[in-house]
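Following this line, the structures themselves.
One chain, chain A, links the two complexes that follow: it is found with chain B in the first and with chain C in the second.
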Partner chain A sequence: MSNPQLEIQLIAAIVAVACAIPGVFLVLRKMALISDAISHSILPGIVIGFFITQDLNSPLLILFAALTGVITVILVEVIQKTGLVKEDTAIGLVFPTMFSIGVILIAKNANDIHLDVDAVLLGELAFAPFDRMLISGMDMGPKSLWVMGGVLLVSITLLILFFKELKVSTFDVGLSSALGFSPVVLHYGLMSVSSITIVGAFDAVGAILVVALMIAPAATAYLLTNDLKRMLVLSVVFGVFSAIAGYWLAHLLDASISGSMTTVLGIVFLLVYLLAPKKGLISVLYRQKQQRTEVSLITFLLHLNNHSEKSERHINHLQEHINWQKVRSKSVVDLALKNNMITIDNNIVSLTKKGKEFTGKALDYILTNRDDKIENIKDDFFLFRG
Partner chain B sequence: MNEKLAISVDDLTVAYNYKPVLWDIDLEVPEGVLMAIVGPNGAGKSTLIKSILGIIKPIAGSISIFGKPYDKQRKLVAYVPQKGSVDWDFPTTALDVVLMGTYGSLGWIKRPGQKEKKAALEALEKVGMLSFKSRQISQLSGGQQQRIFLARALVQNASIYFMDEPFQGVDATTEIAIINILKELRKAGKTLVVVHHDLQTVPEYFDWVTFLNVKKIATGPVKDIFNDDNLTKTYGINYKVAVNK
Partner chain C sequence: MSISEYFNLLWTDYTLRTITLGTAVLGAICGMLGSFAVLRKQSLLGDAISHAALPGIAIAFLITGSKDTYILLLGALICGLIGTFWIRGITTKTHLKSDTALGLVLSLFFGFGMLLLTYIQKQPNANQAGLDKYLFGQAATLVESDVFIMIGVTGVCLIILLLFWKEFKIMLFDMDYTKTLGFNVRFIDSLITFFIVLAIVLGLQTVGVVLMSAMLLAPAAAARQWTNSLGTMVILAAIIGALAGIFGTAISATQNNLSTGPVIVLVAAVFVLFSFIFSPGRGILFREIRFRQNRNDLQLKKTLQFMYDIAKTHQNISHPHAIRILNNFQGFSKNSLRKMEEKEWITLKGQEWSLTNIGFEEAKNLYNQQLKDE
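Take a look at the complex of A and B:
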C-alpha cells in the first residue's frame, strides 16, 4: 500500500467518524433532512469564502461556510414558524435557493476559481493527498487530514463535555428547559457542529454523499442497540468500516471513492435491516409467526380447559370446531405435545397438569394484564415478552 | 395550612401567534397543598405549568417560586411532562431516564456518579419499578412509563412538583400507586400542582383546585369551591358532579 493510499483511507475514516457523531443526534431528533439542507446551502458560503481566502482548506472559509449552514437552519425555522408551511416544505424552499446562488457564483467566476459543480456534488478524495500542509517548507501531510482532524477533535471534545445535556434535550425538551439546560443553545450548538463537520467533509465527499455519512451509520446503529453510548460507538464503527471498504471497492471497480463508500453504507444498512436480532425484518417476521402459533396454542388450551366432555375433545372435532387448517392444527398440537401440556389418548386430547397450570397463568395474565403472573413461562414463549 | 406562598402568578398572559391561551391569570398557591388544575381541552392548563417553569415565554406577567424568580429556584422544582411529549423509542433504559432527574442539581458538564445512581435506584424502588431498571423504555407499558417519569421527579427531591396529566393512559393499579405517592409527598410538606382530567376523582385525590379556561375561574380548597357553579362556569355546560359537602 502506498503512502497516498494510506492517507486517503485515513482521511475517509476521519470524515466518517466526524460525520457519524452529530449524525446520531440528528437521527434521534428526527432532523436527518436538515443535514441535507445544510450540505447544499453552504455552497454560497464556500464560494464567497473562497473569494476572500483563495484557499479551500482555510479555517476562515470553514467558519464562514458553517455560518451559512446555521443561517439555513434559522431560515427554515423562521418560515416554519409562520405556520403557513410545514418543516419539510420550508427545508425544500430554503436549500435549493441557497445552493443555486452558489452555482451561479461559481459559473460567473469559473475562470478565476478552482471549483466546479461536479466536485461540489461528489467531492474527490483521490485528490486530497495532493494538497499538502507545509509548515516552513516541511511536509506535514495532506491539508484535509489536518482540517478534518481538527473538526473531529472539536466535535469529540464537545460530545464528551455535553453528552448529558445533549441526551436530555434530545429525549425530553421540556425537562431539559425546566432543568436549565437551554434547548435553544444545545440545538444551535449541534447545528453549528453539524455545519462545521459538513463543510470540512465537503471537499472530500461532496454535498450529496456527506448526508449518507451522517445519517446511514446512525440509522444502522439505531437498529442494533438500546443504549445511546453504544449507538454512538456502533455508528463510528459502521462509518469507518464503510470508509475503508468503500475505498477498496473503488480501487477494485476503478470508480469514485465517495460513491463506493456510500454504496457500502447502503449495503451495510440493508443487511442490518434484514438481520438485526431484535428490530430486523427477518426476526420480526419470525416473531410474528411464533406469536400467531402461540395465540393459537392458548386458544386451543382454553378450549380444552372449558370442556370436560369427550366429544368436544376429539382431535377431529377440534379441527372442525376451532376452524383451523390441517397444518396449523398439527403445528399447534405438536407444540402442546412438545411442551408436555397435553396427552392424546385414542384421539381424545386431555390437558396435563402442566397444561392446566399454564392455561391458568395465561388466563390470569389476559384478565389482569400483570407481568408477575407469568414470570416463569416468559422464557419459553415469545408472546409474553412484550 | 402553612401561610407561605409556594407559587405566585401575577397578571400572566400567554399567546400563540397572537391568540391568547392564558389571559391575565392571577394565582397564589400556598405551600403544602395537593392541587388539581382542571378545565376543558385548550384551557391552557399545560401552558400555565410550562409558563411557570420558563419553558414558554409569556407576553406579560410575572411568576415567583417562594418569592423569587424561577431561574433562581430551579432546584426546588420538579417537573413531570405529559407522557406523550417524548419519544419512547429513544435508545435508553428506565434507570437512565430516572437519572436525568439528577442532571439539574449537577449543572452543566458534571456527570452523574454513584451518589446519583443510588438516588435513582431508590426512586425506582419507591414507584415499584426497580426490577425494570435495565428495561429499554419502549418495552414498558404506559403505566410503567408514567411511573418512570414520577421516579425521575422524585429523584429531584424538590419542594414543588408540577405534573402534566400523570394519570393519562394508566391502569387503575398504577393510578392508585401514583396518587398514594403524591399524598405521601404532600404529607412531607411538598407542594404539588397536577393537571387533571377526571373530575370525579378531584374530591378524593386533591385538597386544592384551580378552575381554568383561558381565564382563571376560581382557586381554593376543594371542599369550598369544587361545586357545580364553578364547573359550569369553567366547562360552559351545566355540570352535575356528586360532591360531598
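Take a look at the complex of A and C:
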C-alpha cells in the first residue's frame, strides 16, 4: 500500500466520521433533507468565494460557503413561516434555485475559474493527495486532510461540550427551552456545523455523496439501537468501514471512490434494513404475521366462548362464520390446539379449561381496556407463539 | 440574438422550435403532476426519484450497450419506480421518517449510479460519451421524436387525470374517507405516483437530475397561491410550467454559455416569487395590506369606544369634549380623528370633538356585539 493510497483512505475515513456526527442529529431531528439542500445551495457561495480567494481549499472560502448554507436554512424557514407552502416544498424550491444561480455563475465566468460543476457535484478523492499543504516549503500532507481534520476536531469538541444540550433539544424541545437551553441557538449551531462539514467535504466526495455520508450511517445505526451514544458510535463505525471498503472497491473496479463508498453504504444499509434484529424488514414482517394470527386466535376463542350450541362450533361452520380463508383458519386452529386452548371432538370444537380462563381475561381487557389485565397474558398462556 | 429575434426565428428554425416546444410541454406536464406532488406533501419525492433514476440509465447502457434515449429512459423509469417503492417500504415498515428515507434513496442510488458511470467510462471500447448529459440535461439534444413522445405522454396523462379525476381529488384531501368509500387506494396511489415518476424521467434529458425537482414543484407552488380549486390549480400550474419552459429556453438561447435547465428553473423561481408576493388572496403584499387595514380599523373602533364611554355620561351625546382628554389613551392621531369624521362618527370643531348620532349608534352596537360574544 503506497503512501497516497494510505492518505486517500485516511481522508475518506475522516470525512466519513465528520459527516456521521452531525448526520445523527439531522436524522433524529427529521431534518435529513436539509443536508441535501445545503449541499446543493453552497454552490453559489463556493463560486463567489472562489472569485475572492482563488483557492478551493482556503478557509475563507469554506466559511463563505458555509454561510451560504446557513442562509439557505434561514431562507427555507422564512418561506415556511409565511405559510404559503409546506416545509418540504420550501426546501424543494430554495436549493434548485440557489444551485441554478451557482451553475449560471460558473457558466458565465467559465474562462476565469477552474471550477467545474461536475467536480463540485461529484468530487474526486483520488486527486486529494496531490494538493499538498506547504508551510515554509515543508510538506505537511494533503491540504484536505488538514481541512477535514480541523472540521472534525471542531465538531467533536462541540459534541462533547454540548452533548446533553443537544440530546435534550433533539428529543424534547419544550423541556429544553424550559431548562434554559435555547433550542434556536442549538438549531443554528447544528446547522452551522453541518454547513461547514458539507463545505469541507464537498471537495473530497462531492455535494450529493456528502448527503449519503450524513444520512446513511445514521439511519443504519438508528435501525440497530435507540441509544444516542451507541447510535453515534455505530454510525461512525459504519462511516469508516464504508470509507475503507469503498476505497478498495473503487480500486478493484477502477471507478469513482466516492461512488463506491456510497455503494458500500447502500449495501450496509440494505443488509441492516432487511436483517436488523428488531426493526429489520424481515423481523417486522414476521412479527406482523405473528400478531395477525394471535389476534385471529383471540377472535376465534371469543367466538367459541359465545356459542354453546354444537352447530355453531362445527369446524366447517367456523370457517364460513368468521370468514377466514382456509389456510389462515388452519393455522389459527393449530395454534390453539398447540397451546391446549381447545379440543376437537368429532369436528366439534370446544374450549378447554385453560381456553376458558384465557377468554375470560381477554374479555376483561376488552371491557375495561386496562393494560395491566393483559400485560402478562401471553407469557402466562402461550407456550407457542403464532 | 435578442429576444424578439428569437421569437421571429421560432417559426422558421427547426432546432429552436423543437427545443421550445419540448421544454414547454415538459413544463406543462410537470406542472400538472407537480400539483399533486405538492398537495400530497411529497414535494421532495421528485428530487429523490430524479437522483434515483441515474443507476437505471447506467444499467440500461451496460445491459444493452445502446445509447438510444428511450432504452436509457426506460431503465431510469424502472429504477425510479424501485426507488419510490423502497421509500414507501422504509417509511411504512421501519421507524425511519420520510425525510430520512428520501435522503437515503436519493444519495445511495445516486452514488451507485456514479460508481456505474465512472466504471463505464473506464471501459475500453464503449461509446460511453454523453451519458453524463443526464446529470444536467441538455435541451439542445431534443429532437422532434422526443417532443412527440412527450406530447404523447402528456396526452395519456391528461386522459388518466380526467378519467380518475374524482378519485385523485378525494384521495388528496381525505385518504380515510376514500378508503371507506371502497376505492382501491393503493391502485390510485400507485397510478399517480407512476405518472409523477414518468414525468420526472422525461425531464431528465432536458433539465437533468439535479434540477428536476424544481421543475416539478415551482409551477405548482406558484399556481397554489392564486386559487383554492384543484382544477384551476392544475391548469394554472401547467400554463406556468409551459411559460417557464418557453421563457427559459428563450433567455438561454439568446445568451452565450447558458445551459437551459438552470435558466428554466430560475424563470420558474421568479414566477414563484411573484406569486408569493402579489397573489391577491394569499400573497405577502396583500396580506400585509389587509393586516394594516384591520389594525387601523381596530384602532379607530377603540377610539370610538373610548369616546362613547365619555359621551354616554352626558345627556346630550353630542356635547363637545376637548381632544386633550383623549391624551391618556393611545391610538388616536390627527389622521385617525379625520378618518372618524369622514365616517361621520364625530364632528371636529377647533380643539374639541363631539360624537354624532351615527357614531353613537355604531359604538353602542360595537359594545353589544362584544357582550354577545362573551
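One rule holds in what follows: the second predicted complex is superposed on the first by the 287 of 386 C-alpha atoms of A that agree within 3 Å, B and C clash if a C-alpha of one lies under 4 Å from a C-alpha of the other, contacts with A are read in each partner's own complex, and residues count from 1 in each chain.
Here is the rule we use: contacts are C-beta pairs under 8 Å (C-beta built on N, C-alpha and C of every residue); 3 or more make two chains touch, one makes a residue touch a chain.
Predicted model, so just to flag it, every value in this text is computed and none were measured.
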| item | value |
| --- | --- |
| Chain A as common anchor, with chain B and chain C clashing or fitting | fit |
| Which of chain B and chain C A:K354 touches, first, second, both or neither | neither |
| First, second, both or neither for A:L93, with chain B first and chain C second | second |
| Which of chain B and chain C A:R292 touches, first, second, both or neither | neither |
| Partner chain(s) touched by A:K310 [first = chain B, second = chain C, both, neither] | neither |
| A:R132 touches, of chain B and chain C: first, second, both or neither? | neither |
| Which superposed partner A:H251 touches (first chain B, second chain C, both, neither) | neither |
| Touching partner for A:H40 - first (chain B), second (chain C), both, neither | second |
| Which superposed partner A:K330 touches (first chain B, second chain C, both, neither) | neither |
| Comparison of chain B and chain C by chain A residues contacted | C |
| Which of chain B and chain C A:Y222 touches, first, second, both or neither | both |
| Minimum C-alpha separation between chain B and chain C after superposing on chain A, in Å | 7 |
| Doubly contacted chain A residues - partners chain C and chain B | 30, 222 |
| Sites on chain A touched by chain B in the complex | 28, 30, 83, 161-165, 167-168, 170-175, 177-181, 222, 225-228, 230-231, 369-370, 386 |
| Residue ranges of chain A in contact with chain C within the complex | 27, 30-33, 35-36, 40, 79, 82, 84-86, 88-89, 91-93, 96-97, 99-101, 103-104, 107-108, 110, 117-118, 121-122, 208-209, 211-212, 214-216, 218-219, 222-223, 250, 253-256, 258-263, 265-266, 269, 273, 279-281, 284-285 |
| Residues of chain C touching chain A in the complex | 38, 41-44, 46-47, 51, 89-90, 93-97, 99-100, 102-104, 106-119, 122, 132, 135-136, 210-211, 213-214, 216-218, 221, 224-225, 257-259, 261-263, 265-266, 269, 272, 276, 282, 284 |
| Parts of chain B lying in touch with chain A, wherever the complex brings them together | 17, 50, 53-55, 71, 74, 77, 79, 81, 85-87, 90-93, 97, 100, 103-104, 106-109, 111-112, 136, 138-139, 141, 152, 171, 173 |
